[in-house]
Amino acid sequence: MSEKKTAVYVCRGCGIGNRLDTDQLAKIAESEGKCSLVRQHDFLCNADGVSTIRNDIDGEGVTHVVIAACSRRAKTDAFGFDDVALGRANLREGIIWVRPDTEEARETTQEMADDFLRMACAEIQYIKQPDTNQNAGTNKNILVVGGGVSGMTAAIEASKAGYGILLVEKTGQLGGWAAKLHKRVPDREPFADPVDAGVSDLVKSVEYEKNINVFLNSSITRTSGAPGQFSVDISAESGETVTENVGSIIQASGFSGYDANQLPELGYGKSPDVIDQAELEQLAIQAADGPIKRPSDGKEVESVVFVQCAGQRSDEPGHLPYCSGHCCNTSIKQAMYFKDANPNVDTVVIFDDLRTPGNGEDFYRSAQRKGVIFTKGKPQQVSPVDGQLEVKFHDMILNDEAAATADLVVLATGQIPNSGVDIEPAAMQEVEDGGGESAAQAETETREVQIPVESILNLTYRQGVDLPHLRHGFSDSHFICFPYETQRSGIYTCGPVRRPMDIAQTMEDATGAALKSIQAVENAVLGRAAHPRSGDLSFPSFRREGCTQCKRCTVECPFGAIDEDEQRYPLFNESRCRRCGTCMGACPVRVISFDNYSVDTVGQQIKSVNMPDEFDEKPRILILACENDAYPALDMAAQQGLEYSAFVRIVPVRCLGSVNTIWVTDALNSGYDGVMLMGCKKGDDYQCHFVKGSELAHYRMSKIDDTLQQLQLEPERVEIYEVEITDIQRVPALINEYAAKIDEIGMNPFKGF
Amino acid sequence: MTDMVATNETILVVGGGISGLTAALEAAECGKNVVLVEKNPSVGGRVAQLYKYFPKLCRPSCGQEINLRRLKANKRIRLLTMAEVRNVSGTAGDYDVSITIRPRYVNDNCTACGACAQAVTTEIDDPFNYNMKKIKAAYLPYNMAYPQRYVIDPSIVGSEEASKAKAACAYDAIDLEMQEQTIAIKAGAVIWATGWRPYDAAKIQPYGYDRYPNVITSVEFERMMDPFGPTGGKILRPFDGNEAKNIAFIQCAGSRDRNHLTHCSRICCMASLKQSTYIGEQYSGDADARATIYYIDIRAIDRFEDFYRKVQADEKVHFIKSKVANITENRESGDVVLHGVDTEGYHRYDNTHDLCVLAIGMEPSVRADQIAANVSADVSGFMQMDAANGAIYGAGCATNALDVNRAVQSATAAALRAIQVVNRVSSAEA
Amino acid sequence: MAKKEYSFYPGCSSERKASASNYMVSVEAMCEKLDIKLNEIPDWNCCGASIGYAEGGELPRHVMNARNIALSEQNNPGQDIVATCAACWLGAKETADRLDACEQLLADTKEVLQQAGLDIHLKNETPIRHMVEVLIEDIGYEGIKEPMVKPLEGIKFAGYVGCQTNRPFGVDGESFENPMYLDKMVETVGGEAITNYEKKVTCCGGALAFSEPEKSQKQIKEIIEAAYDQGADMIVTPCPVCQMNVEVYQDQINKHYGTKFHIPVTYYSQLLTVAYGGSAKEAGLNGNIIRAKRLEDIAAK
Amino acid sequence: MSDVNTAMVQKYRNDFLKEVEENVEEGHWVKMCMQCGVCSGSCPFGPHWDHPPQEIFMMIRAGKRDEVLTTESMWMCTSCYNCIVRCPRELPITHIMHGLANYAHRLGIAPKMNPTRRFAGIFWNNIAKTGRVNELALSLKLYFMDGFMSGIKKGLAMMSVGIGMIKTKRLNPFALISHKGVKNPKELHVLLKKAREIEDRRKGIAS
């Protein structure tokens, strides 16, 4: 890149010109901001203003641009110059819209603007247009782990888009659970009868797609690398292992059936005629649309009872707390097996809530039409009684104790995800310890107390061998708007390993996951970040010589992007990185930085503000605001014309996780009277888009108290808040309350030192 | 956001709700060119009108902010607002699409400074708030509206008011001469994401939505919770503006019913469970505040069950297994009286409530058998996958009654199906 | 307006000296003014009424109605069957629907009718309609207004539609819970309608008036109470069963509940007849046990 | 009659639902109930039912034959059709109730003294006799169904009503002699007899 040239553009539109002394701002830019080119414009975002900037870039060789106008969230089309380093000083939403247009307010408002401009100039000096990552991978093939419906679908769909697929299945054949089904629940009009499971068709298309390379009787024994450059060991039962390179990974490891032996009260194990839904499918396949015979003596079944929610939706030890979603429709389908073969077979479904969402309702009606009886009841006991089975249950409608006798009882048991090893306990442990030596040991401890589970991916990642689990062992996204959000970049799960699912949902899900895996490789080869900072070309770099190997970064990275090399130095896998800056915030010696976001880009802004001395009675409050939620809330407060204190100086941060405590201590040292950190909700239902950012910030700030005590500063000088994007009224209120509090406790004694 | 030219390798996405937005972004972030068509003045769709999401009770605008940032940053997406697809003709990989664009009367000079709104006095119904509120006839549809650009309502164009607005604009952003225009574009594949609409509650006559002010729909209740909504974030009874504390929720309002929608709308159970927590949120510690949920089956499938159990544990929330027979009104107090039988033991009830919220059913906002292209529809009017659809793929609630999470999955899947087609086109042309 | 002709099924209660004879009188006068010609189905029989099920069962009940339909098809071919009594209309329409829906039932019915040398075609060859449908759909509100010479000014009517005129068939485009046509009719002829009359479609318990009097009279009490509460001068209804029940038991209800009910219960046809300038006698007002004084006054003007 | 009942018990053993589907008017709809309870909540006489319609459907499914056929509940139906128009599954509930009542009556196990059952009988015979209702005969018959004295009592109680009707020419005091029905009642009797035969044959009720 040619030598650096910074230009500042001060807009006078939207009332900025009337409310602020823009000449003074221009002067500040020239003198203090050391900007060679400074222009004012009455309407910067119009065609003329934009072309002025464009010409300076093309003609004057401007490389760094500061736009002093509206919020960075506004007018992004006009100001979208992505070939230069860009900074925005928020004079509109950040200042004039939140300040009263009065004489007495004029001075403080102008000071606010002066500082915002200083901050923008300071920041731009330390921003570099990111270089393209030298270590970006180039492999666009996709590994699919699991040969069931979800795996095959993902493989086929990705292959149809022209990508090479490695499909690894641990058994000897493709098909998974669905291959063991007689038929499946219908997914289209008229939603009336069971339909062909369609597995053979899937298998055919897998064979047909020449881009798909299938490995049977194989599993993944090692996975390392990053999007665009994963390296995986695929080991066959035979013992031989091949190493393959892929660009991204889809984990379609499916589910295991719940072990009905844990339900003796429902007669399982006491009579061969008490079976689960999977076993009924086998009987149905044997019957081949003819009469289904019961296991005990091969007698044709004349009456069958389906017990819903068997070992599910229950707190009892060994039961599943959740609902497996598909079982109601599955029992309806299976009842139809009987009715379609012989309408005289008594089929009773005992349910609590019948859950057939969407067009499942049509399927439910169809079953009723066929004479399937649905009884709302709570099953209590199933026991063999002279050659038959007696199902004792509480009839919730007639409100009495009832019993049904049947030749066969089918238990609707649940799905348990094959999500591999639960790495969370270890990880949590480390966060509490703040990383360090105890980490490894904590990990092993928790491993020991765990029931041994086979790892699915055997990741060589420092943070564990499998994907983090969300709840009840499912490896799902935590986000409602972003179902494919993953904490291991380039690795996506799909199908029942994410959430209990039926076949139709699974196929939809697998197709979605296939897209994300394609997106991952396409971005990886360009060195671009994946969601939520999609398109970001920056990546973390660190000064090895300064590093103390404390491992905080490797422990705290929410995405397991950082490993350790043989000398236990952090090993950054740029393509796994999501650019949240959590590592940067974690580093006690501040050796980690991004080209466009670093300890300096923020630190220098903080230092750049003009600090009035103690007797001016003009406190300065630093606000570090999460750019995803708190900062937009501030913008929208401005839109609503809500006012807040002129003493705040606001710096948007990528995530509170990126906040390095040095910023806070420096701020206090340089005379700020208080620091407000505004981040997202933490805890179980956290809303931080980088998982732990807000939580880590709270943890770090709790540690900062000691420092404050050493400096003999009140703990109130640093406050951290959980702010939602909708806190449009609350945020200004928080600010004003805090300003008042600072007023109470008085000025920071360190001013002027 | 650009004005790139559409070709056979372009993907057309119809609908700028969360499904369409997702489909467009996911495809564009795979390097595909996308034209995104939205009939309203801004993107966001129904989720933008929600207060919280179940089961996390997080804020829809939080995810929207991220999607908007992705949209603003992406040069491969061309967004057309106030635009509707009139016709789609052709075959997979080669579609001709005609799109009409209604005049916004505001060009992209607009800085969203709001001067026009201050100048105008005429007020119109606010569709964003289901017409429970009035807004100026020069307006920004909502706080996070994108494009962040005002709209002049056609009703004032040609009037004194319009010229007042024009005069107030310092940036020559108001163009009252704008006309409706029809444009023709090419597309290789189409993603149909026109979403859902609430079933017409007035048709559910026994519940008297058209007769009793204190019978409202779940979508209207959602708007009440917004601090910038029609009631300033309070739960107020339309009858007298008093706070409603004893609130009834009626499930399957229009769903699972041969007189209305035969399908189950899937989301309504979770929506009411979610909304029952609003009551705790507004009246925490208030013994009089209670929610009563009248249901047939609570359909909180998979991990949603966790949320159901959480709500069941809340002593403010009561469940009655009953389809309410009918509602009457106390003329003096405006209270609504729900009549029916608790089917668990057959106890008759005539329960008085401050407010009744109908968990209203979901129907496709455009029936697939009525869209401007030839696609297969199921009996409820949702688009169903079919070879005959060519490269027109449904996404989100245009294909089924879905919650947000499933809608986004569906949209992501649709994006890949579209990509498969345009990739075939490009490899053929390469 | 060209003369409209219909095949008319009057029903038992409308016979001379039967409980709804005055209804019949007013219907005749009304049709006269509206230029409607009613051709009575020769030798029609009772519809069996809803209560008929208990002893009559399914097929015999349908046969009763099928016979009427057959007679109409035979003697008044091509004419819609029109009934003035809710029960008659419902019974006939129900039979037509069921026989059209169920081949077995149709075959059996045909077999039975043969005994009387009758046959039945159905398939909606002769639609079975209520007189109010004829007024609303064939004449239209405009047409209803046309002959009006004496608007029923100042009289407040509680329009009591009742059950069977309203359910399960009802009138096209009207709601089961809140039908508006009766109110519209009242307003059309200048009366004041209590459009949100609470008990509009509440059952009067007519079917059980004899067997479970105290239960049905409780229903009636509420119906009348609501009418008073909402300031009605009189009740108007399209149904002879409703009319009779709501009118004739008021004394007994007063005795039982200590109320002072004395509210006239009229037929829409009486309203129209009076509005059209008909005399009290033509309007059958002399047939009301509780005299509709204010209507009579207008008629006398 | 009750031997017909035992015959039915024999025939259907414990499958009461099947019996209802085959022998009761619209009985095949019973299985379609989705247990929402809207019918029960909609019935104007609901409070007087021992078992509201939905419960009856559930009892049928649960095989509670005697409870269902001997209950007075169905006899409370006023044929107001509220249940039918509100039922989300379009069950013809009114007709099913009628059918059940009729079936119980035909089997001879319906509650003997239920007034509606008795009135219904009187009413049907009244219309079947001449083809049209004879309102006077009907009311008199009704009052005297419990014997002469109580008849006089009820008659007196209803006197005012009767007088009012006569005064307004809405009740014919001489109808006992002067009432006319259809031209050829005999023919009608033939039809009804034939209809009854066929129905009994279909339902396997020998009479």
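Labels A, B, C and D are assigned to the chains in the order they are written; within every chain, residues are numbered from 1.
Please note the rule applied: a residue touches a chain if its C-beta (ideal position, glycine included) is under 8 Å from a C-beta of that chain, and two chains touch if they have at least 3 such contacts.
Values in this document were obtained by computation on a predicted structure and should not be read as measured data.
Visitor: Chain by chain, through touching neighbours only, how many steps does the shortest route from subunit B to subunit D take?
Guide: 1
Visitor: If you take the chains that touch subunit C and keep only those that also touch subunit D, what is left?
Guide: Chains that touch both subunit C and subunit D, as defined above, are B.
Visitor: Have a look at B-C versus A-B and report the one with more C-beta pairs in contact.
Guide: Between the chain pairs A-B and B-C, A-B carries more contacts.
Visitor: Just to be sure I understand: the centre of a chain is the mean of its C-alpha atoms, right? Then which chain's centre is nearest the mean of all of them?
Guide: Chain closest to the assembly's C-alpha mean: B.
Visitor: Centre to centre, using CA atoms, which chain is the farthest one from subunit D?
Guide: Most remote chain from subunit D, centroid-wise, comes out as A.
Visitor: Please compute the C-alpha centroid of subunit A, do the same for subunit B, then give the distance between them in whole Å.
Guide: 24
Visitor: Subunit A to subunit C: how many Å between their CA centres?
Guide: Spacing between the chain centres: roughly 67 Å.
Visitor: Report, in whole Å, the distance between the mean C-alpha point of subunit B and the mean C-alpha point of subunit C.
Guide: 46
Visitor: For subunit A versus subunit D, what separation do you get between their C-alpha means, in angstrom?
Guide: Centre-to-centre distance between subunit A and subunit D: 65 Å.
Visitor: Please list all residues of subunit D that touch 2 or more other chains.
Guide: 34-35, 54-55, 82, 85-86, 89
Visitor: Can you list the subunit A residues in contact with two or more other chains?
Guide: 365, 397
Visitor: Scan subunit B for residues touching two or more other chains and write them down.
Guide: Residues 206, 256, 321, 326, 343, 346 of subunit B touch two or more partner chains.
Visitor: Please list each pair of chains that are touching.
Guide: Result for touching pairs of chains: A-B, A-D, B-C, B-D, C-D.
Visitor: Once bound in the complex, which stretches of subunit A touch subunit B?
Guide: 13-15, 43, 45-46, 70, 73-78, 80, 157-158, 160-162, 188-191, 313, 321-325, 353-362, 365, 396-397, 399, 471-472, 474, 476, 479-484, 499-501, 505, 508-509, 511-512, 514-516, 518-519, 522-523, 531-532, 534-535, 628-629, 632, 636, 639-640, 680-681, 685, 687, 689, 724-726, 728-729
Visitor: Within their complex, state which residues of subunit B touch subunit D.
Guide: By the definition above, subunit B touches subunit D via 206, 252, 256-259, 296, 321-326, 339-343, 346, 348.
Visitor: Applying the document's contact rule, which stretches of subunit C touch subunit B when the two form their complex?
Guide: Going through subunit C, the ones touching subunit B are 175-178, 196, 198.
Visitor: Please give the residue numbers of subunit D that touch subunit B in the complex, ascending.
Guide: Subunit D residues touching subunit B: 34-38, 40-42, 46-47, 51-52, 54-55, 82, 85-90.
Visitor: Which positions of subunit B touch subunit A when the two form their complex?
Guide: Those in contact with subunit A are residues 1, 18, 26, 29-31, 47, 53, 56-67, 69-70, 72-75, 108-109, 111-113, 143-144, 148, 170-171, 227-228, 256, 262-264, 266, 297-306, 309, 321, 343-346, 378-380, 384-385, 400-402, 404-406, 408-410, 412-413, 415-417, 419-420, 423, 427.
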